[in-house]
Amino acid sequence: MPESAIENTPQVETKEVKVSKLAGIYKFRELGLLGFIIILSILIQLRNPSFLSIENINDMVTNTAILSILALGMMLILITRGIDLSIGSTIAISGMLVAQTVSTYQHLNPFVVILLGTVIGMVCGAVNGFLISKWGLLPIIATLAMMNIFRGITYKISGGEWISSYQMPEGFVSIATGKTLGINNLIVIAIIIYLLIYYMINHTRTGRQIYAVGSNPDSAKVSGIKEGRILMLVYTVMGGLAGLSGVLWVSKFASAQGDTASGYELTVIAACILGGVSIAGGSGKIAGVILGSVLIGILNNALPLLNVSPFWQTGIQGSIILVAVIVNTLVKRGVDRNNLMRRKI
Amino acid sequence: ACTQGAPQSSSSTDDQGSEDTEGKKKYAMVFKNTGNPYGEKMMDGFKEAVEAIGGEVILRSPDQPTAEGQIQIIEQLITQKVAAIAIAGNDQDALEPVLKKAMDQGIKVLSVDSAVNANSRILHVNQANPERIGRIQIEAVSEMIGGEGQIAILSATSQATNQNLWIEWMKKELEDPKYANIELVKVAYGDDLRDKSVSETEALLKSYPDLKGIIAPTTVGIAAAGKVITDKGLNGKVAVTGLGLPSEMASYIESGVSPWMYLWNPIDVGKVAGYTAHALVEGTITGELGETFEAGDQGSLEIVEDGDGTQIMLGDPFKFDASNIAEWKDVY
Amino acid sequence: MEPQTLLDDNGYLKRNIIDKKEFSLKTFFLQWEWMLVIILLAVIVINSLLSPYFLNYPSLRDGTVTFLDKAFIVFPMAMVMILRDIDISVGSTVALSSVVMATMYNSLGVPMELAIIICLAVGALCGLINGLLIVKFKELSAVIVTLGTMILYRGIAYVILEDQSSGNFPEWFGFFGWGYVFGIPFILILFIIVAVIFGIVLHKTTFGRQIFAMGKNPTASRFSGVKVDKIKIIVFTLAGLMAGVTALFLASRMGSTRPNVANMYELDVIAMAALGGISTAGGKGKILGTVIAVFIIGYLQYGLGLINIPAQTLLIIVGALLIFAVTVPKIKLPSFIRRK
Amino acid sequence: MTNYVLELRGITKEFPGVKALDNVHFKLKAGEIHALMGENGAGKSTFIKVITGVHQPNSGEMFLNGEKIEFTNPKDAEKMGIAAIYQHVTNYPDLSVTENIFMGHEKVHPFTKKIRWKEMHAEARKILEELGSKIDPKIEMGTLSVAQQQIVEIAKAISTNAKIIIMDEPTAALTARESEELYKITERLRDQGASIIFISHRFEDMYRLASQVTVFRDSKYIGSWGVNEITNDKLIVAMVGREITQVFPKKKNQVGEKLLEVKNIGKIGYFADISFSLKKGEILGLTGLVGAGRTEVCQSLFGITSYDRGEVFLKDQKISLKDPKTAMNLGIGYLAEDRQLQGLVLDWGIGRNITLPALEELSTKGWLNDKKESAIAKKLAEKVNVKANSIFDLVSSLSGGNQQKVAVAKLLTADLDVIILDEPTKGVDVGAKSAIYEIINDLATQGYGVIMVSSEMPEILGMSDRIIVMREGRITRILDKEEATQEKILEAAMSEVIENQVG
């Protein structure tokens, strides 16, 4: 649903605008999640006042930037009824290759480096896309297999070695630590990605076709939408974003390892589903996915701050994720029920 | 008809074929996981030693650091009738049954780097005395922060036995009155994940604004701490030390974020493991307390006590600082 | 065959609709399971050529034991996948149930026999909770629910055992993972029994038929009076129960357990089921196929381990095999042997 | 030759094992409405899909304005000005109505290619209003009822400004009033110069609209006539290959004692104050406009959804309907409105579909009994006269009408008292329709109580003993057979007055 797009194009009559705005709020399906995040933040703030300090918020947002970039890519894939389990490995392979490159060619322009990583990722994504669209493999199987393969290749090309910070030129490390207009580059890059994807999925034909393919693949075929092309596109985009994230990851942590981001795909998927993206395809919105990433970011940031015993952290994280999705569901149900009550019979 | 342990028909298969056609004995090393430069170096050392004594070397590690993966590998090594297995265990206890099986079939089992329990090995090759490792880091951090202030520890996972043991010793050392002004505020766990270690370090800095020092006895943790301190411009305010790979820490040691830190030489550890395995296979030693043997270029070694079992103890960890890091960072 | 047309009493056209399936050699031999058999034989032959240690009874026997523990979960996972769902919490369920069992025995003095039953019960309970949540909150899919419980169950295991491992089981408990009956590993015997039971349930009972129906069209199944919720709950409970069984074997093989065991088992299990011909798109698959697939992956890993292939190469090979095996049936065969 | 905008010659299309089209011809003149008729499975839908490039024919040629053309995918056809409304609704449930209408030909800015949402919404609203519908173009398609979705499909075809519009049973889900709207639109399109191919099983559609009619039977071309040149009887013979003397069977059913009593049931947002009773052997017609809530009422009587208030009694016993299985065990059966989604497992054979509701009865202690199952499936498939070779034929390979017969056969497996049929003859040809009527009548005669939901006036009038009319979730009138007329029903379906008659 291009609801956000609708809200951007105000109606002719002001009265109608009011009504549709109100309806817009009711229609905002992630209301429960937003409320949950706010309440959670207040509770954390009460226990540790440094939680909502500028510095901590900045750290939190910076640490969440990569996750949210990946989650947007994953959203596109989930919309087409797919899934990509290989992104952790793609991050590793792109990070490793890029780190090896910059350690050899110290004076490479950062933009070239970013581009290189993105292209490496796109190649990985294209392999997934090819297997899925051309060979008709199920996404979960194809990407599970490629997860193993990319990871294996990463170990092979690294020969078990890591690329450490002393081998990385300053220019490369500053991709993630530098600032543009006073804002951390990671955040800037993430915002650019949000805007690009927002524009793509709400204002271009191709973007809408992604939803169409997920909503009903059969009728997409009848409408002449080339499903294969769309699948190829989303997996390549996901790969590209994972490749980009690989560069950012390695730059941020100033180290490239073979086991970088192992298992990270599940965190990314968790962010998407917290954000209300349906695994069954066809629906998912940027705002929701960003909220989902934020919730995970808050958990990662706050659990250490709250001095929670390390043995309780996993359990608390699991319960909060479960409670969040359940609360969100209940609120959605409530909203729907409210809408029904107001329907005249 | 129900039996436990391999049935008779096969339990005696080892006698006819423990020697390969070429007559070379097989020495296997199993590390925690693949793609770990520390492990790769240790395996390099092991390989060097085995080749020096004229054996055939097998180097294995599972792709994830799990005991389950190591069990599978050990079963495969038993089937191949290796002469000795040197293992860096992912779990102290979980390998006991399979390593016992190996020993029952005449395979000499030793642990190296991270020990398995005394029942499941003949002896352990200890890279450094845990007591010394623990105490030395407190001494170091105390020196760095001028003997007073808050310190924190950033460890690997909460169940990493090595780290936990060292942390125990750190706490013991802290009981010494000369550290009366040093307060250990928290032990955090970064799970050897970059992102988590960074979050934990950031949380430490925020929760304890007066923090003076961080000890991270784990490679990923110390590098992540170094990175966060560097990025936040806290160089000089918060000191980082601990155990880490010189290559990973070179920038931070050179910049002074971490004035110095420690580690042993994994290549040497691997070599000692190789020679020890050879001595066990040849029967030069049986793993009893007090035995000594010649370990190639590593000199003469003695078997000492270790709780219920025995071990070979290498020297103190090596100190890496600005003066020597440049020559080591390319080595490992 | 031409349908016969005739007129019934009212003068309507009446058809004779055939109700016997003709046995066709072609369809019989085009079954996916043959493909798997061929792959399995290939794996065995290649392994025997590569390693002198592979092809003898003790080696095969001990090799089998190394990979069978998680294979118990493949069967209920096949059912879950046929229902178009997925359960990614099984690894954590293994950890939790084994940790509870060990704690019961070591810290609370519960007799081991009872602790074993508790282990199975905890597994089943975890599955039941998954099932109930999935049924109560239909808007959430199984992935979401089990992703949450995956983290939660392991979290509980950490809370219980913290950084400790817990073992010291009685001697006889080792029998599960290391015992033999008439020279055959106990785990293999039990595996085959469980496989047969699941095969019968899935292919020969109304329950199984209804699972397939739900996988193909859940709405129509509900409209046809299939108790979709009940079936879902049962299937997820079975997944938990089998995770409990795996927990027993794993704990027995390791002589102890810890909260971090069985990490990512779910992905291995899903890969085995997928190779076995269970489609994650639902409604399709056979237990026989999954059994063969378990042995293919297991022997492949074991055999390559015997020639000491590095783990990273193994990752690539298993990944490639998965793609190869799933792709082959999609390759357009010449029309005279193409399957319908 | 050139006065034909579209001409197809010698088209043959084979599916594995079925020849769906066998050397058929077709000629469409400019500005004509051309009806295409034939029994279920005659090949009409397949023919349409050949025209629009969804299927490629095995042999044959196609000419557009005298020029030979070949389409490899539906996009080609759309570019050449051919639009189709397919028989089985093909929409995007998660997308807005506007997007559904414009999918594939969105309005975009010529340079930036940015989608012009504002214009599209406005245009969608306009088209829908022209169609006499108040559907909000921004609403999600999935929230609409089947009939509303059908209207959107029509809007979609109109929006492409196509020169040739093909409608495959567009009226199957529409009521008389909506059909009338559709006729007007179709005529207007024709007057604007479009040529239209119209497929329907309803004769009134053809008489009202078409000037030419072409008939297929058993995949073959039978003939093409001017609508005025051919009599109804001859047309039926052409279609069915035999005479059908009477569409509605003579009623033999005896209305007996009370079976089902519904007291004031309601469900928030869907329906309220629904009360009626059903007697043994009675056929109770339930009619109303699109979205009147008939389906919701029926489904809550079958335990699919629940009602929030009110009570239901079966044979004077208060019953609670938790789920469909409970309803079936109590003796209530339901034929779903949307056979593809709710009725059938399309990827399964006919036999398995038929026996699915009765698996427990056909099995011994949970064990499947293949022999018994096959025998029952065969008997029932033959009883409803499915056009198929064997019970192992996949339901997805059957034509729409034959799929419906399979769905009906499923009901006959269970031991029921009350049978609820939701649009049982939707998309079913005359021959099969009368067979289904025959079955319904038989059921009533045997003492079943039958509730028949239908939007077709003749069917409601011809079959029912009593008629319930619903409007916006409430019962507005309950009419006896004798007093019922088309006018009264329409009035009740559309008027504001609520007469709360409890039957």
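By written order: A, B, C and D. Residues from 1 in each chain.
One rule holds for everything that comes next: a residue touches a chain if its C-beta (ideal position, glycine included) is under 8 Å from a C-beta of that chain, and two chains touch if they have at least 3 such contacts.
These numbers come from a predicted model, not from an experiment.
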Chain at maximum distance from chain D, centres defined as averaged CA atoms: B
Mean-CA-position distance for chain D and chain C (Å): 42
Rounded Å distance, chain A centre to chain B centre (Cα mean): 37
Whole-Å separation of chain centres (CA-atom averages), chain B against chain D: 72
Set of chain A residues in contact with two or more other chains: 151-152, 155, 258, 278, 310-311
Multi-partner residues of chain B (each touching 2 or more other chains): 33-35, 63-64, 158
Multi-partner residues of chain C (at least 2 other chains): 158, 162-163, 264, 310-312, 314-315
Those chain pairs that satisfy the touch definition: A-B, A-C, A-D, B-C, C-D
Residue ranges of chain C in contact with chain B within the complex: 51, 53, 57-59, 61-63, 65-67, 158, 162-165, 167, 171-172, 174-175, 177-183, 186, 250, 253-264, 301-302, 305-306, 308, 310-312, 314-315
Partner chain B, residues of chain A touching it in the complex: 48, 50, 53, 55-56, 59, 63, 151-152, 154-155, 158-162, 164-167, 177, 249, 252-255, 257-260, 262, 300-301, 304-305, 307, 310-311
Residue ranges of chain A in contact with chain C within the complex: 85, 131, 135-138, 140-142, 144-149, 151-153, 155-156, 258, 263, 266, 269-270, 273, 278-280, 310-319, 321-322, 325-326, 329, 332-333
Of all residues in chain C, those that touch chain D in their complex: 1, 3, 10-21, 204-207, 209-210, 213, 216-217, 219-227, 229, 283, 340
Contact footprint of chain A on chain D as seen in their complex: 54, 73-76, 78, 86, 90-96, 99, 103-104, 106, 108, 113-115, 117-118, 121, 138, 140, 268-272, 293, 472-474
